[in-house]
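Listed next: structures, encoded as structure tokens.
Note that subunit A is present in both complexes that follow, paired respectively with subunit B and with subunit C.
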Partner chain A sequence: MTDPIAGRPGGPSLRQRRQRAAFWFLAPMLFALLCVAAWPLARTIWFSFTNTTLSNLYGGEWVGFDNYLSMRTLSSGRVVWRGTLVDPAWWNAVWNTVRFSLISVGFETVLGLIVALVLNAEFKGRALVRAAILIPWAIPTIVSAKMWAWMLNDQFGILNDILLRLGLIGEKIAWTASTETAMTAVLIVDIWKTTPFMALLILAGLQMVPRDIYEAARIDGIHPVKVFFRVTLPLIKPALMVAVIFRMLDALRIFDLIYVLTPNSSATKTMSVISRENMIDFDKFAYGAAQSTLLFAIIAVFVSAYIWLGRVDLGGEGSK
Partner chain B sequence: MTRHKLLKRIGFYALVVVIVVFSVFPFYYAVVTSFASGTALFRVNYLPSGFDLRNYQAVLGSRNFLYSIGNSLIIATLTVGLSLFLGVTASYALARVRFRGRGLLLMTILAVSMFPQIAVLAGLFELVRFLGIFNTHWAMILSYTIFTLPFTVWVLTTFMRDLPVEIEEAAIVDGASPWIIITRVFLPLLWPAMVTTGLLAFIGAWNEFLFALTFTSTESMRTVPVAIGLLSGASEQEIPWGPIMAASVIVTVPLIVLVLIFQRKIVAGLTAGGVKG
Partner chain C sequence: MGKFSRDALRPVVLAALMGGIALPAAADELFYVAGGVGKQAQHFKELVKPWEERSGHTVTLVPMPQSSSDQFAQYRLWLAAGTKDVDLYQTDVIWAPQLSEYFVDLSEAAKDIVGEHFPSVIESQTTDGKLVALPLYTDAPALYYRADLLEKYGKEVPGTWAELTETARLIQDGERAAGQGDLWGFVWQGNAYEGLTCNALEWVKSFGGGQIVESDGTVSINNPQAVAALELAASWIGTISPRGVLAHKEEEARGVWQTGNAVFMRNWPYAFALSAGADSAVKGKFDVAPLPAGSEETGSASTLGGWNVAVSKFSTKQEAAVDLALYLASAEAQKRRALLDGNLPTVVALYDDPEIAEAVPLIPRWKEVFANAVPRPSGPVKSKYNEVSSKFWSAVHDTLSGKGTAAENLELLELDLTDLQGSGW
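Let's look at the complex of A and B:
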């Protein structure tokens, strides 16, 4: 970085002038982020402590933690708990989200690793494979949800047809409609759509591993599987961790795929879906705000834990 | 030994074929379906069975779908323009000027890009209503900034930090102001990075669903994902699969072409920004 070359005599130094300019360059961007991120987030949290409704955005009154948890004693002496934290639908959504995130990211990591290893090898047609795996990534989520909804259609879907022909299933499965298979359907589509992203991030890590390591291992006659677990995996661990965290954050907030592929299925409803449903569709604006605040809190804890544990050099300060 | 090697090779190529087929098949099948109509739609065809353009005529003949494409184009273009404009100046400050709290600021920006969008939905809804931009393009342009801007700043900062000090020094010695340095020295060098980030931000804005679904109320204001997502028939049996597939193909082909053309740049941008698709 350039350090102050002596400023004009009497005037501010070059460094000071540059810092002042930097402030004005940053100001518009910071103002924009304040408007679209900080302020709406603060308002959402505030709404979660009120009884605001969609039709009366400004008429909400402060109700404390009632949207989260409240206790009322009925005249009969019975104690009634209310609020999101005792709402079975919310806990179902939490469970769905956690299940979805862990399974999808797990599969995507393993499959992404396999695809990355394939792409890291030198073979004819590698460019073609690389182009092919970019296709699922390029297709909009909503479009892929529709494409798969058609393929998973119970009557005319090609997947049932293939499985029937192969004799793997006895009768047609209503993939998206049945509660037992709805989550599987969502997982299939999500894994199809996001494995390429995972593969590309891991591939970037793989390409930084010096080739002579493999050469040396081969000359020493070490089994490739052993080389992978003892050498490659530890070396790409940082890239792998970054990929996993990004995917995890993405999976935890999933909305669009589930909203379109399995609408109104309690087997797949996630935290984002249920919050929006309460907020907009059911006119329980404040209640939905409370649920989205909880989701935000969960993700915030997750991110801070990761940054703290991983001591990630996010600012890149170490490289300068 | 050679037999063993041959088997290994066959296994490897089998894996390659599986990967390619699995990646491409759903799109291929959507294309096949989009050219089938009538009863042909309800037979499972593995190979193209005909070349019936009726689904495309139905989709392109509907005024609302054309509006949706227009809406998406306008919104995505303006969002990208705004993010790049705010992003270039900000990332110059973040990458080239030393000041206290820079690391913290970068972390905050990165944190914003990881935001669950549902967490700002209630507040944004109020803001959109307050500004009187509900059901207009501006509602989406404003709200999409939350994910395009942090991403743009992040990638451009990474890129600018790697440029050598010397290019700037000469300009400083000549007494150029920071604004001149950005527009005359950095901007010409930044074009490749701007194309990549712009393209990725465009794809992000083009594909967004949650905000577009919440902030529009009339069919003519819908963006493409909302239009396709809400295309449905009167009942489960009447879902117009043919037109849905035709619409899907229409909006996906340009994206796939763009992505394939800018393949290398996109992969570089993705790995720098670690952003979702």
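Let's look at the complex of A and C:
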């Protein structure tokens, strides 16, 4: 008598066979990921330890950590440090990126939550509003950035015109030009664009919350604000955390919006922008590769810290 | 049904294939990439039509963004990847040393016509004896001014930057009091990009402050004249120039000017024909002059601009491409370009052409300005030019937007450039 689960004695068990089958089903995707993610990443990291230039991609020589940090003693005895880690432009970019990410994701989460709560309520024409609110997210970034560049234009922009007519500002503001407002301009556009995405992810979480909990709360006469903080928020927390991670990953490597809206302003240059600038514009490919590698490391640290702090259940084990 | 239609189509496909083979092998389709301002993209078809008819080839323009820094980045990527999709590149006057290895040497093909052009332009496109690109047109900026407003306030065309500041201020205040609330004194290109390098180089040079890096490779930018020049420019922001000028490129400045909202504009000659166009609010009310000087002794300075055409060494249709390049640089094409877009020719004889003098009166007057134009330091700093330029425009942009004083920023810039120079450019 044989156990049907264990299979034939000596042969692979059903479990083993299932795992093998699963591997073969996953193999094409793993291969694709290897080609488009793992290989370029490994190559970038390798480039960062060489002196490769764009015009000579295959002739780079190993230079160790020189692109990150190197020390040279001049003949006068003065010691100079070189490399990305002592490059003030790089640290300015890091600070810009972190500031941008924290502020934009913060606003997007709060606004997204509000929008999601509104959309979760029953009202007439809800399907239409749900579709309409996704429009900013659906417009390609390059188009929305150009569109906003015109609206933010200091002389012909509609934004200055409205604010002037309302008497909120005394004179036209050069949104994208002046260093004080450049970051604000970028933040406005990013928040406008990405809040719908946040709202959608949170809405999905909200719809998982069982309705009877709310009914019970209503019968008990609990204040809606208390219901939100005691019932809704804890229940959608996993969805919220995942949404924030997604956005954070996206925000830390922001490139397109800034490249179009304020390309060379040192007030908004992010890590991706400065790394591209070194790779392409300045013909310092390896130096840019070192910055890309650091960007990757910083994102990895950020996400690990966030997962660890929030104990986010990305594997879905807790739902079993 | 599906099988039937496939069988029915077979002879058609075969015939089409054979027809393709039977066509003369010379009919190539070329791709030409160029950024442009004004109406250059619209005029391109008209410009190449005679060549297309003569040679039987066709050429398609691939338009690029107006910022030359953006164009450069894209071209470098394409060339590094060895793309065969693009046959000809329109290149900025400063790019020859940086991109020379990717382009075909044109010195043999063009040996009969190089003598017609200004020697300095041909020289700027020659790297280590290789003629990298052929000149299409040259550029030296002009001071555009509202003749009607100057007359109304009884003012002369400013000869120095200080006079310009004063006149702009006076007219701006007067016109604003009269209800022209959007009028500004002076617009130029203050965005952080290559154009700001051109603008700032003109201020610095005309104040006697050198040209950032001298032709022998010494970093000269940190000097009192350069500081004075940048301090004057910084004083314009928010007074005679809108704060938004710090985000203006050529076309944004022209937008303010051509809607009648500026007394002075610094721009390239292409804006002349457009400002005189039927839809322009300043039509018939403006004129141009050379840029103001720093002082009586130092004279005025115009940055040497201009565009050229280069043939990619990866092109599979090099013969046709070289032929097109020769046509585009010829006196015939340069004349058309002058008449259509108001671009300055590099063929010396065209400056005496009566038809051009009639249509674009600016051009004959510009021969002198062009002869005294100051080149950007792309020669001495070679492949590091982009980084030098970027550091320079960043220092200037910071100064203009009030991040540090001119003296501090130029001292920092000198340090950065000396570091960049290392043991040599």
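The rule is short, and it goes like this: the second predicted complex is superposed on the first by the 273 of 320 C-alpha atoms of A that agree within 3 Å, B and C clash if a C-alpha of one lies under 4 Å from a C-alpha of the other, contacts with A are read in each partner's own complex, and residues count from 1 in each chain.
One rule holds in what follows: a contact is a pair of C-beta atoms (placed from the backbone, for glycine too) under 8 Å apart; a residue touches a chain by one contact, two chains touch by 3 or more.
Since we're looking at a predicted model, the values are computed, not measured.
Enquirer: Can A:F282 be said to touch subunit B (first), subunit C (second), both, or neither?
Expert: Touch partner of A:F282: subunit C, not subunit B.
Enquirer: Tell me which partner A:M241 touches in the superposition: subunit B (first), subunit C (second), both or neither.
Expert: A:M241 contacts neither subunit B nor subunit C.
Enquirer: Of the partners subunit B and subunit C, which touch A:L69 in the superposed model: first, second, both, neither?
Expert: It touches nothing on subunit B or subunit C.
Enquirer: Touch check for A:V209: first (subunit B), second (subunit C), both, or neither?
Expert: neither
Enquirer: Between subunit B (first) and subunit C (second), which does A:N264 come into contact with in this model arrangement: first, second, both, or neither?
Expert: A:N264 contacts subunit C only, not subunit B.
Enquirer: Taking the superposition as given, does A:F156 touch the first partner, subunit B, the second, subunit C, both, or neither?
Expert: Both: A:F156 reaches subunit B and subunit C.
Enquirer: State whether A:A174 touches subunit B only (first), subunit C only (second), both chains, or neither.
Expert: second
Enquirer: Is it subunit B or subunit C that touches the larger share of residues in subunit A?
Expert: Between subunit B and subunit C, the winner on subunit A residue contacts is B.
Enquirer: Enumerate the residues of subunit A that count as touching subunit B in its complex and touching subunit C in the other.
Expert: Common to the two interfaces on subunit A: residues 57, 153, 155-156, 276, 280.
Enquirer: Which subunit A residues qualify as touching subunit B in the complex?
Expert: My answer: residues 1-2, 5, 14-15, 17-19, 21-23, 25-26, 28-30, 32-33, 35-37, 39-44, 47-48, 57, 114-115, 118, 121, 123, 125, 128-148, 150-151, 153, 155-158, 161, 192-194, 196-197, 200-201, 204, 242-243, 246, 249-250, 252-253, 255-256, 259-260, 271-272, 275-276, 279-280, 285, 288-289, 292-293, 295-296, 299, 303, 307, 314-317, 319-320.
Enquirer: For subunit B, which residues count as touching subunit A in their complex?
Expert: 12-13, 15-16, 19-20, 22-24, 26-27, 29-30, 33, 41-44, 46, 82, 86-87, 89-90, 92-94, 96-99, 102-103, 105-107, 109-112, 114-127, 129, 142-143, 145-146, 149-150, 153, 158, 161, 165, 168-169, 172-173, 177-179, 182, 203, 206-207, 209-210, 213-214, 224-226, 228-229, 241, 244-245, 248, 251-252, 255-256, 258-260, 263, 266-267, 270-271, 274-277
Enquirer: Which stretch or stretches of subunit A touch subunit C in the complex?
Expert: Residue list for subunit A touching subunit C: 54-55, 57, 153-156, 172-174, 176-179, 262-266, 276-277, 280-284.
Enquirer: Under the touch definition given earlier, write down the residues of subunit C that touch subunit A in their complex.
Expert: Touch list, subunit C to subunit A: 67, 69-70, 72-73, 76-77, 80, 98, 101-102, 182, 190-193, 242-248, 252, 255-256, 261, 383-384, 386-387, 390, 393-394, 397-398, 401-403.
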